[in-house]
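Sending over a structure as structure tokens; questions will come in a sec.
As written, the chains take the letters A, B, C and D, and residue 1 is the first residue of each chain.
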Amino acid sequence: MDILGLSETVLRLIIGTIVVALFGIIFGLLYKGVDRKIAAHMQGRIGPPIRQPFRDIRKLFTKENVVPENAIPWIFNLVPLLGLVATISILIYLPIGGFSPIMSWGGDLILILYLLMFPSLAMIIGGFSSGSPYAIVGAQREMATMIAYEFPLAIIIISLAWKLTQVGSVNVFALSTIAGTPIWSNVTGPLGFIGFAILLLALVIVTPAELSKIPFDSPEAETEIAGGLLVEYSGRNLAMFYLTDGVKTVVMASIIVVLFFPYNLSALPLLGLEGGSYVAYAIDILFYLLKVFLVILFSVTLIRVAIARLKIDQIVYTYWVPLTLFSLVGLIFIMWDGWIMNLLGLV
Amino acid sequence: MFTVETGSGFWNPIIWVIAIVVTFLLIYILRSLGKKGYKKDTEQVKSFLSGNPEYPKEKMHIKASNLYWGFTTSLKGLYTLLRKMHTGNTSDYVLWFVIILAIFLLVEVI
Amino acid sequence: MIFNIPYIAVAVLILLGLYALIFKRNLIKMVIGITLIESGVNLFLITLGYRKESIAPIYTSSPGGVMAFPVPQALTLTSIVIGVAVIALMLSLVMHIYRHYGTLDVRKVRRLKE
Amino acid sequence: MNVPDYTIALVVAIPLLGAFLTPLVGRINDKLRNIFVILVLTLNAFLVFLLASDVLTTGIKTYVFGAQDISYPIVRILFEVDAMSIFMAIISSILVTVAVIYSWSFMKENTGLDKYYTLILLLTAGMLGMVLTGDMFNFFVFLEITSIASCALIAFWTHKGESVEAGFKYIVISAMGALFVLFAIALLYGQYNALNIALLSSVIQYTFLDKIALVLLIVALAMKAGIVPMHMWLPDSYGSAPSSISIILVSATLASLYGVFRVIFTLYGNVLSKIANFGIPVNVLIGWLIVALAVISILIGVFMALIQSDFKRLIAYGAVAELGYMFLGIGTGIVALGTAYGKTALDGGIFHVINDALDVGLLFLVAGAIYYATKETSLDKLGGLARNMKYTTVFFIIGFLAVAGMPPLNGFASKLLIYESTFQLNPILAIVAILCSILLLAVFVKVFYSAFMGPQLPKFKDVKEVPKSMLFSMGIIACIIVIFGLFPEFIINNLVEPAANALIGYSEYISQVVVGGI
């Protein structure tokens, strides 16, 4: 690679990173507002206005940033920042709307799986470093939750990649490959279809835990441990965690969209749009935002309104036994799919 | 350049580090808009314990063995088995060697 | 059949050694188990070098005829020397263990477990 | 860069001679002795690097001890160095040099340090001999030298009952394992009248006795490498030895791991594709057995690590799990010999060897630093040390993130290679690997909390940062970890790929001796 190409890549990366960072923060907060509004309506309340999260952030920025005496100051202040930074960095690997990822060749699905751990890890270490018993209880619950949901999540990701390998794709973990070959068109028979549907359902159940939402919010559990791992945080540090939550919601919803619904509206021949025109991009972005909204509606808002909080050992059990078995069944269905179809002579 | 290619995916640390540095600067600027100070040596810096008095420092520190209680409890059966397996008896170490040797011989030779 | 007796002895020695290691409680008896395995392996090496009616493999002023194979003997000597070192180290450790634990029962010498 | 052939001999001879000179130098002055030992090891590491650059550019090098002419009854020992051997030698030299620099302050208050340094140099000679030799019996001799020296070092703190107990367990296991290795060597010698690996490999037939020899060699060496369920001596000895010894023991176990793969890939390289029982090729049969053991190792390693309350035992169980990753990668490479993903898995496994040595080594050094500062290894009694020991905290963070395989540190690159190849053999393998990587993170977050965070405990109020030599040695390893993490492709191309090719291209190893007429 020559110097010119290199500097162009770096420039593209820098500008792209800034753009997705702003995108993530703004839409993260927006979706948070929408989520709160809908949840309130479901519970028969009026709820806060949609721009409430922005107001919350502004308020937090004017509050004092207290560092408790039992905390380790440098870790306590650093981790909220790092958590948010790592979450935003996931966005450069994800395709957003009709655009391909900014750095499609820089990282893959496994990297995203690991980067998704950073925000939780930041919260855990932040909770531990604040030195308050409530925060420590919350942090260890968050760690246990993280271990718990990572099992089904790993099964889902590996199953998808395995299926793509079977149909002869290369770079099966790359987001561009996954978006380019939608999984629903790769199934050979009904069994594979059911398998992927099971995996989608499992991923939808994993999402609230990944985002620490009810019913898997025992790390924060305001009613028993007073906000858990965030109990000692205030002011701008708390604002960082608030932003992380918003961005992570967008990231998680985008991942579900990429893995299971990577379709673009502008590709429809019905509309007769030229690929690459501004109208096409605008339509794709709008459609993408709609898909993200629907995912958040189903996997966050509906579940958190409908179900009460679980205890921590119930969370671990739920994810490790029923949900893992469930996703393994999905994996087995996918593995048997082609084989059974061959056996019946249907292919 | 600098990209590990596995045939199924790739990983480029340099790209990620650049992205992280850019985002870090951005967020750091955003964060510095917030209020900085707080009142040291006041009640503010005490741990929040719902108004209860603070315990001595040793009691405020949860022991390592009690961490992850939720996780070990839900896998109690597995841990009982594992603890039973690790006897610490030298004879058992030899026994495990003989067992594995026997399994390998069974599969490989017979 | 008669030529197989050394090999049978090898098998018996090694199995006896393993038996002592697994079922005997006394640490000294476990050390003896190790020496039994070692003797078995050494015997095996020596047997490999045996030739019928052979003489010692000394080339200078050799009377002629079949010589026993020299390499296994060299190997066995090395193995014996190593064995001595290992046994000495083991016994000194057993001594220290008795000093700290006051017992030689292998089931009681297990502060390190799990 | 070309170096003369006798460099190979020097690499083993210098630490051996240094070992016997150390007590003499120690008579003069303690400080002089320490400088002498560090000089010997630095010189040796330098020679290893020279040899490495030569081997990696020009190919396999050999050196013959004894009769140069093969017309006589052959009394000679052949050293044969390929990219895989030199890869392991680099790991050993780095770790030993770092450990000796660390010992300068860490072991200062102990007596009998002449013996300590002598044994370390002996152990170094043993490890380097194991990885460089091309002769089966010689391999056994170096294996025993390594075992005896490391046993004595594990039990170095004889005033502690636990150390002595761990030493005894270690020597029982090693002596028995080594004797079975010798038995297997005798089986091979009895059939083919040869001890040289290359020569044996060119004539091996895979008879009944060969099968038994293969099983004995694999199981005995795998036990010395510490694979589950034959791992129980490993936490005992790693946990009870002085920290500076634990890090050397890491590389000693890795030398046994090298033995396993040298046996499978080179010694039995010619017969791997033969059809064995049940109509399955040999490589698939052996590969699956190893993969199965690897998966059990990963699982049991992390699950046991999660409930440990002793810092060093916890790291040791983590090391067992890491060992599982190496066996998983290389085992997949054996099963899928010849496919593209098999090669990737092999690369990942071999890359993980050096990553694990560095990461686990760094953690052991941190554990030692904490012991030095507080005289405490039980996690239940520690707390709040991040205030007093800032640098150690930073090194610990680097170490634990690397072990858990978080990007952008080195553990991630090798684990990525392992995940993204093993899933093609069977999806379950990659799932278990990913899951346990996260469990490993949880394990070390627990340590991070209970040792470094929390309120300032009154009894640790006056704890000071550890001396400079310890910080320096931790810093070296941390730097290597970060560099490996940022430029993994460079390391894979220049160190790991040649080593993987050396394992797969066993015919070159054979022809160097058999056709080359050495």
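Here, a residue touches a chain if its C-beta (ideal position, glycine included) is under 8 Å from a C-beta of that chain, and two chains touch if they have at least 3 such contacts.
None of the values given here were measured: they were computed from a predicted structure.
A.B. asks: Tally the contacting C-beta pairs at the A-D interface and at the A-B interface, and name the larger one.
C.D. replies: More contacting C-beta pairs are found at A-B.
A.B. asks: Please work out the Cα centroid separation of chain A and chain D, and write it as a whole number of Å.
C.D. replies: 39
A.B. asks: What is the distance, in whole Å, between the centres of chain A and chain B, each centre taken as the mean of its C-alpha atoms?
C.D. replies: Centre separation, chain A to chain B: 21 Å.
A.B. asks: Between chain A and chain C, what distance separates the C-alpha centroids? Give it in angstrom.
C.D. replies: Once rounded, the distance between the two centres reads 62 Å.
A.B. asks: Could you state the distance in Å from the CA-based centre of chain C to that of chain D?
C.D. replies: Each chain's C-alpha centroid was found; their separation is 28 Å.
A.B. asks: Tell me, which residues of chain C touch at least two other chains?
C.D. replies: 21, 30, 109-112, 114
A.B. asks: On chain A, where are the residues touching two or more other chains?
C.D. replies: Answer for chain A, listing residues that touch two or more other chains: 69-70, 108, 110-111, 131, 136, 143-144, 147, 161, 165, 173.
A.B. asks: Could you list which residues of chain D touch at least two other chains?
C.D. replies: Answer for chain D, listing residues that touch two or more other chains: 168-169, 172, 176, 236, 304, 307, 384, 407, 412, 416, 420, 423-424, 442, 446, 449, 454-456.
A.B. asks: Throw together a list of every chain pair that touches.
C.D. replies: Result of the pairwise touch check is A-B, A-D, B-C, B-D, C-D.
A.B. asks: Mind listing the chain C positions that touch chain B in their complex?
C.D. replies: Touching chain B: residues 18, 21-25, 30, 106-107, 109-114 of chain C.
A.B. asks: Which residues, counting only chain C, touch chain D once they are in their complex?
C.D. replies: Residues 14, 21, 27, 30, 34, 37-38, 40-41, 44-45, 48, 70-72, 74-75, 78-79, 82, 85-86, 89-90, 93-94, 96-97, 100-101, 109-112, 114 of chain C touch chain D in their complex.
A.B. asks: Show which residues of chain A lie in contact with chain B when the two form their complex.
C.D. replies: 1, 10, 13-14, 17-18, 21, 60-70, 81-82, 84-86, 88-89, 92, 103, 105-111, 131-134, 136-137, 140-141, 143-144, 147-148, 161, 165, 170-174, 226, 231-232, 235-236, 239-240, 311-317, 320
A.B. asks: Quick one: in the complex, what on chain D touches chain C?
C.D. replies: Per the touch definition, chain D meets chain C at residues 73, 75, 137, 141, 144, 147-148, 151-152, 155, 158, 160-162, 164-169, 171-172, 175-176, 179, 182-183, 186, 189-190, 195, 235-236, 239-240, 304, 307-308, 313.
A.B. asks: Contact residues on chain B for chain C in the complex?
C.D. replies: Residue positions touching the partner: 83, 86-91, 94-95, 98.
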